[in-house]
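Pasting the structures in now, so scroll down.
Shared between the two complexes below is chain A, which pairs with chain B and chain C, respectively.
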Partner chain A sequence: MNFNLSDSKKKLALAGVVCGLVAAVLAYFGNPANMAICIACFIRDTAGALGLHQAAVVQYARPEIIGIVIGAFAISVATKEYRSTAGSSPMIRFVLGMVIMIGSLVFLGCPLRMVIRMSAGDLNAWVALIGFILGVSTGAIALKNGFSLGRAHETQKESGAVLPVLMAGILVLLLCTSLLKFSESGPGSMHAPIIVSLIGGLVFGAFAQKSRMCFAGSIRDIVLMRNFDLITVIGGLFVVMLIYNIATGNFTPAFDTPGVVAHSEHLWNILGMYAVGFAAVLAGGCPLRQLVLAGQGSSDSAVTVAGMLVAAALCHNFGLASSGTALDAETGELVAGAVTPAGKVACVICIVVCFIIAFTNKRESAK
Partner chain B sequence: MKEVDARGLSCPEPLMLTAEALKNADGPVKVIVSEPHQKMNVEKYAKDHGKKAVSTEKDGCFEVVIE
Partner chain C sequence: MRKKELKLVVTFHTTADAMAMEKACRQKDVPGRLIPVPRSISAGCGLSWCADLCDREGIVAMMEESGIESEALHECMV
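Right, the complex of A and B next:
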């Protein structure tokens, strides 16, 4: 079996369209409208389902996350791209995973959700894009200055399969036991049927693996090499979600749309995504790409995912996650979403940590 | 022949090292990478810059000779 989606812009755009269709189907079947498929939110929901945090409205073991990892694993084995590797500064990657999650939950979404929010007319996401581009550009400057986390090496081939197996374990817990927590209200309670979510995740993971879809990488490649290949995938996804949102009446170009899990604190939307973009470039990929790389055997990326999972729990245990603008159920008044004071402090610390990592880790030849 | 050992490095380091080597080299450049997608990226970079790339698999890695 040998098919390749990354050797022409047309195929890349097609892969983006397929992933966009998956996102649209998931939204149609019950996922929160402009969350459709969000890596940060869904890892956070999974952390909640496992009882790592107690925020009752965001607890659900999202089959999309499980599907993406297993889909990437299966397609990489089938197309002989599976390689079990590890050893490229794993604990620095753990910290970068934490930064990615904290930044995402200050903004309220990973880069994938930022694009989905943009396609629904959420102007806050367009503001956050500025921060994301600046963060990616800062990471690119670090790369130009010789930043590197060092080489990964081949390991026992079982090591790379651990995360996919653990994900399969969560699926078994979800399907066969009552051990996991389920939100009864809030975003965690809104979801497509398990089978739709799982198949959606598998397809998304497989296409993301073959197209190398990466939100940070797409902007990084433009900044560093004037290469527009990866942005083509994102373009495909954006266009499909834009059409879906317009067709279903979900396209609302505004800042303060209630109920879409977003806030209008511009500075923090920018800084949150700045941290995410910066950390993602240092880690070699956005949250989605980390899941996919972990699926195709990278233990380093699996550690990054573990960092995201732990940070997701901390975000809710320590009140770092922002709240979304909503309508008060009793008075009907608009209650503005907000970034918490602790979230602001954490976000600034995250950015400082990124700078320290970026300018202290050099390639051998650049030392 | 100038050699770039980019095995085990994260994206986009292999490509950056390739670009740097091509800029400073007179003759052919051999790039060694470990991941299939990096092999493809290096080949594509060479083609986009009007050069020929020939790849061979060796000991689980890929050698891409650009000239």
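Right, the complex of A and C next:
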């Protein structure tokens, strides 16, 4: 079994369209409209479901995350692309995973959600795109200067299967026990039926694995090689979500749209996504790509995912996550979303950490 | 649309090796360019060096001289 989704830009765009349709279907069936399938938000919700943080409105073991990892695992095994690898500076990758999550929760979304928010007309996401491009470009400069976390090596094939098995375990807990926490209100309470979410995740993971969909990689390839293959995938997803948002009346070109779960602190939108873009290039992929790489056998990416999970919990335990602009339920007044003081400090620390990692880990010392 | 041709594609263990390859090739006037690793070769998303098949010997010699280790040399349509 083999199908090549990447031998032409048309097929790559088609893969993006399929993933966009999955996101639209998930939003239609109940996921928060402009989260749809946000990797950072859904890892954060899963951390809440496991009781790693106590923010009651964002606790739900999202089947989409489970589905993406298992979907990438299944398709890579079926097409003989599963390779169990490990050993490329795992703890630095853990830290990069933390940076990615903290930056995402300062901005309020991973790069995938940034694109989904852009397709809904949220101008804050367009502002954040500037930071993301700058972050990826800084990472690309580090690559040009010899940044390396060292090579990964083939390892026991069971090692690469650990994360998919753990994800399957969370699915069993979700379906068969009452151990996990469920939000009764807020974004965590809004979700598509489990079976729709799971199938959506499986399809998304499989197509993302075949197309190598990566938000950071697509901009990295443009910066380093003027190559537009990967951005074509993102373009396909963006167009579908744009059409969906216009068709359902969810397209509102504005900064302060209540209910979008976004804030209008431009500097921090830029810096949050700067940290995400920078760390994602150093780690070799955006949050979605990390899930997919972990699914196809990379223990290094699985460690990055673990870093994101832990940081998601810390973000809520330490008050690093921003709040979104919303209408006050009692007064009906618009309450502006905001970045917390602790979140600002954490974001700056994350950027400093990225620079230290980027310019101390060199190719010569990695060998 | 550009017609695909059979090319030499050199893959590396790390992105840093690919960047070092680009630098060395530019310094020594060895022909070729960086491209994303073709999907038919790998599910990974690293970088590779693409050149004409006839440049193979010169590229291999330059890599030995510069201490750049390749993962593999492929011939594929790019």
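We adopt the following convention: the second predicted complex is superposed on the first by the 364 of 367 C-alpha atoms of A that agree within 3 Å, B and C clash if a C-alpha of one lies under 4 Å from a C-alpha of the other, contacts with A are read in each partner's own complex, and residues count from 1 in each chain.
The rule we apply is simple: a contact is a pair of C-beta atoms (placed from the backbone, for glycine too) under 8 Å apart; a residue touches a chain by one contact, two chains touch by 3 or more.
From a predicted model like this one, the values you see are computed outputs, not experimental measurements.
Chemist: On the A-aligned overlay, A:Gly284 touches which partner chain: chain B = first, chain C = second, or both, or neither?
Modeler: In the superposition, A:Gly284 touches chain B and chain C alike.
Chemist: Return first, second, both or neither, reflecting whether A:Leu143 touches chain B, chain C, both chains, or no partner chain.
Modeler: In the superposed model, A:Leu143 contacts both chain B and chain C.
Chemist: Can A:His266 be said to touch chain B (first), chain C (second), both, or neither?
Modeler: After superposition on chain A, A:His266 lies in contact with neither partner.
Chemist: In the superposed arrangement, does A:Glu154 touch chain B (first), chain C (second), both or neither?
Modeler: first
Chemist: Please indicate which partner A:Gly217 is in contact with in the superposed arrangement: first for chain B, second for chain C, both, or neither.
Modeler: It touches chain B and chain C both.
Chemist: What residues on chain A does chain C touch that chain B touches too?
Modeler: 4, 6-7, 81, 83, 88, 143-144, 148-152, 212, 217, 221, 224-225, 229, 284-285, 363
Chemist: Which residues of chain A touch chain C in the complex?
Modeler: 4-7, 76, 81, 83, 88, 143-144, 146-152, 209, 212, 214, 217, 221, 224-225, 227, 229-230, 284-285, 289, 296, 362-363, 366
Chemist: Using the touch rule from the top, collect the residues of chain C that touch chain A in their complex.
Modeler: Contacts found on chain C: 13-17, 19-20, 33-36, 39-40, 43, 45, 47.
Chemist: Name, in rising order, each residue of chain A that touches chain B in their complex.
Modeler: These residues of chain A touch chain B: 4, 6-7, 80-81, 83, 85, 87-88, 143-144, 148-154, 212, 217, 220-221, 224-225, 229, 283-285, 363.
Chemist: In their shared complex, at which residues does chain B touch chain A?
Modeler: Residue list for chain B touching chain A: 7-13, 15-16, 19, 34-37, 40, 44, 60.
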